[in-house]
Amino acid sequence: MNLGLIGLGKMGGNMRERIRRAGHTVIGYDRNPELADVASLAELVEKLDGPRVVWIMVPAGAATQSTIDELAELLSPGDIVVDGGNSRWTDDEKHAAELAARGIGFVDAGVSGGVWGLQNGYALMVGGESAHIAKVQPVFDALKPEGDAGFVHAGKAGAGHFAKMVHNGIEYAMMQAYAEGWELLEAVHSVTDVREVFRSWQEGTVIRSWLLDLAVNALDGDEHLTHLRGYAADSGEGRWTIEAAIDNAVPLPAITASLFARFSSRQDDSPQMKMIAALRNQFGGHAVEGSGRGE
Amino acid sequence: MNLGLIGLGKMGGNMRERIRRAGHTVIGYDRNPELADVASLAELVEKLDGPRVVWIMVPAGAATQSTIDELAELLSPGDIVVDGGNSRWTDDEKHAAELAARGIGFVDAGVSGGVWGLQNGYALMVGGESAHIAKVQPVFDALKPEGDAGFVHAGKAGAGHFAKMVHNGIEYAMMQAYAEGWELLEAVHSVTDVREVFRSWQEGTVIRSWLLDLAVNALDGDEHLTHLRGYAADSGEGRWTIEAAIDNAVPLPAITASLFARFSSRQDDSPQMKMIAALRNQFGGHAVEGSGRGE
Amino acid sequence: MNLGLIGLGKMGGNMRERIRRAGHTVIGYDRNPELADVASLAELVEKLDGPRVVWIMVPAGAATQSTIDELAELLSPGDIVVDGGNSRWTDDEKHAAELAARGIGFVDAGVSGGVWGLQNGYALMVGGESAHIAKVQPVFDALKPEGDAGFVHAGKAGAGHFAKMVHNGIEYAMMQAYAEGWELLEAVHSVTDVREVFRSWQEGTVIRSWLLDLAVNALDGDEHLTHLRGYAADSGEGRWTIEAAIDNAVPLPAITASLFARFSSRQDDSPQMKMIAALRNQFGGHAVEGSGRGE
Amino acid sequence: MNLGLIGLGKMGGNMRERIRRAGHTVIGYDRNPELADVASLAELVEKLDGPRVVWIMVPAGAATQSTIDELAELLSPGDIVVDGGNSRWTDDEKHAAELAARGIGFVDAGVSGGVWGLQNGYALMVGGESAHIAKVQPVFDALKPEGDAGFVHAGKAGAGHFAKMVHNGIEYAMMQAYAEGWELLEAVHSVTDVREVFRSWQEGTVIRSWLLDLAVNALDGDEHLTHLRGYAADSGEGRWTIEAAIDNAVPLPAITASLFARFSSRQDDSPQMKMIAALRNQFGGHAVEGSGRGE
């Protein structure tokens, strides 16, 4: 089949390559003309056979919205738009309705795989109507990893991004789990080779995983991580996971703790800990960095 | 009555003063001869009328243990030892048994009040046998604040320090509560006068408290706490509270979060966040401080 | 002055009474005609002298929105609307803009005090323009507690409800702090009189507060709280506090733990703990409620 | 080589089988004579060639201590005791010293693998002196999984159990991560097939792991886990992990949240939530299960 692909950054560019390797035709557009196959969305739409499938791979929010708005004008009934970016699931419901009003189908696709996806395949979680998904299935099959897993039709429009969002929430807490364990092992004197402890866990343990393999890779390059700062960014999905949990009265203590640890890591000096220091100072005559007698 | 008081630091010295103001005789001993009324524990014991009451106010752990060991040799059956320091409640059970073997009574006393205690009185939580406590009651009455509250016979030996330990655990979470609220208010632009918000809460709100009053005092001196570092020490009681909770399978999420926030505040660079950064780097080709596309 | 007051439930009714006691005229409207002084908003507006001040005290969300919509049609430039309900601060910004387009002023007022407010006064946190607030000040003065505190102009439109929201977030964590401490004290055998420990804390301690006084009241009525279920509802403010924190990358571990504890309390059987049980069963051949050998 | 193995329960019995399959001789003792090869520890020691290696696989605490005490009397200088049970690492330091005083070597071995170990091998984390470990290496090689990983000499005496303990702490938070994600997915209506979402994650995602495979197995047997109660036991290692963290001032928010979630799951009615309900009742006149106006 042929596919229009909008957004040819690191993720989009690699996905184009993987889809092409599977024998499909990809017409790519990017704001950067050096990456693009066509000069405009209009040209992209014109070059596709109908019913067209156009995959959007641009930043969530305003960029995705304006791309969908423009495609709504250019596409025809029966065409399909796939949003493969990191959109919030609530946006998907809106986008599906906007496009449905013009007879255009919508599929949201959460994509996992990062820089490893070109080689190993991208895990895909998709939401929308079965008929729309069926039209994109050859592309999904090209992108997904070999084997039975790696693809799911998770539910209605938004369900794909929702499932990917939860995936990322789980990922936050798993990363935090290994990180906490690593810090504790590094802190005690009786354990003399923390890197080899991590490596040993790669076989036969309950906690073996791909993330553990990555941790061992990282420690092989920098045994005590001395070249890194203890600073961690977060993307929207972790935040949205907690907001979704709050909306549904679901307690997420481990995932939330993991996000908050990242927030704290980005503060040079914690305002809330200044208040703790101020209070200690008030009631105990504590020296600001002193110890706590008499509380 | 007369009382032997061992340990005349900031807390012990002020307590001596408050007991004397109530008309009792205090014979004080301290390793620092400039603070002491007598030159040795032996002299202190000799100068007290029997049955003697000796109040220990020295650091928990080795210093308290060696003082109790020495008193065990010097005192007589019917005498009473009061441990008013910050001992762990499990030590009290041991000390009570050791002294009981010689016919010496033991009372543990958790003392709250800090630098404000001399003027306002010290809240006292005591553990031990009623007959032993009765002999110390005049001193407790001298130390406690006016009013009906401020003193409790909490239970058996150890119960006084246990109650004081839980008091401190609650204190950690209350301080954290105000600190979190303060940081959030400072973070938003629509709230233009955070200090006055705190001041307004001192009357009529659900969250009015003595700690809130202290927070307002602190903000009056330094409105945005710019002269403090976000660094908070912790004393043993917070840690012991969590250990006691774990022993009893009691979940303490807020108190524990408060202790962990203090731990984090003392790390220049968080080891666990280095691991998070390392993992992000591995799977996403993230620049170490970059944003999170493609997770 | 005279005031229109919409919503005469428990809160609104008591507030009307307190404002009247201060010598002001209150014209009240409620959907329940038995509570109301007038039969409609139109009649209420007609009976007020201009420039009018109308205070809304109805549930947040749709009820508040429709009341503001209706008032926008009925009021005149120079009039003032006060939203004293529990609206989300983001709604305030919208309401202020909608009313400003018609020359009508808007003040948001977070109100604390509950059933104790009639007697003790209501703490007020207000947001909006100083000129608008000045016109309502006599009513604020009537409602607020005696003393210097209990009222603050926190900032722009929305700042009043934001400050009240943070107040409630702090309240969640303070309540959780006492609750955790109480459970731990009840769990150990050495502490034989937990209620008296709580009572003793009311004087001279770091953790004395109005909430502690309420806890003692509750324990006086039911020493071990045997007549209550461990079930706690939550209102919107706690959730919004965490959402605001996430938007601002502020870590709120204690407040969030407190909200999640309430969520968990309302689950008859925890879905996430079913998954934990299922996993333990899988990897260890654990009996579902058995102990954990061989993990 | 030949090995004495004490404790032939589910773990010990399977380990004996795996060691025998590798061609070694195992002389097993158990209090249950139906499982045992010999009638007493004395007979077991007598039947082994020197220098002897005796592996203890009995419950941590008193049972392990009494076994070590008895072996200390029976063994000779140059013999080696391996503790493969779930002992606390602090016990190992004591045991190593006790045995060293008699010239007997000591190795602590944390063993992971559960019911899957017989077939897949057991991951081993060991602590002690290299010379002692070398004598046991043929048994370690028999037990460990194929491949390079699955075995580590982690450090001094105690380091093996310490590493295993941290492994279990990490495991708690990983299980909690999946459990939280599962509950959130089950809570929303747009995701219609949560089991298939979990299955899809097994390939190409960041969160693929052995625990995820087990979760899919569990969901295949009981899609919504309706046959399980949300009740999770915990073994000592999770608790000890947190205590070790507190001793080292290492924040472990995700692992601790995971343990506390298990504690809560075992409470029919939460005492702390009774206190929250009581306080809400006091300040707001809230119906005990009602909603929260007027806080």
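The chains carry the letters A, B, C and D, assigned in the order they are written, with residues numbered from 1 in each.
We adopt the following convention: a contact is a pair of C-beta atoms (placed from the backbone, for glycine too) under 8 Å apart; a residue touches a chain by one contact, two chains touch by 3 or more.
What you see is a predicted model; the values in this text were computed from it and never measured.
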Higher-contact pair (C-beta pairs counted), A-D versus A-C: A-D
Of all other chains, the one whose Cα centre sits farthest from chain A: B
Homomeric contact chain A-chain B: same or different residue positions, threshold half: same
Centroid spacing, where centroids are CA-atom means, of chain A and chain D in whole angstrom: 32
Whole-Å gap separating chain A and chain B, where each centre is the average of the chain's CA atoms: 45
Centre distance in Å when chain A and chain C are each reduced to the mean of their C-alpha atoms: 36
Overlap residues in chain C, where contacts from two or more other chains coincide: 112-114, 168, 171, 176, 178, 180, 183, 187, 206, 211, 250-253, 257, 260-261, 264, 272, 283, 295
Contacting residues of chain A [partner chain B, same complex]: 9-11, 86, 111-117, 168, 171, 175-176, 178-180, 182-183, 186-187, 211, 214-215, 217-219, 222, 225, 228-235, 237, 253, 257, 261-262, 264-265, 267, 269-286, 288-295
Residues of chain A that touch chain C when the two form their complex: 206, 239, 242-243, 246, 249-253, 256-257, 259-261, 263-264, 266, 272, 283, 295
In the complex, chain B residues that touch chain C: 89, 93, 112-114, 117, 120-125, 127, 144-159, 162-163, 166-174, 176-178, 180-181, 183-185, 187-188, 190-193, 196-197, 199-212, 241, 244-245, 248, 250-255, 257-258, 260-261
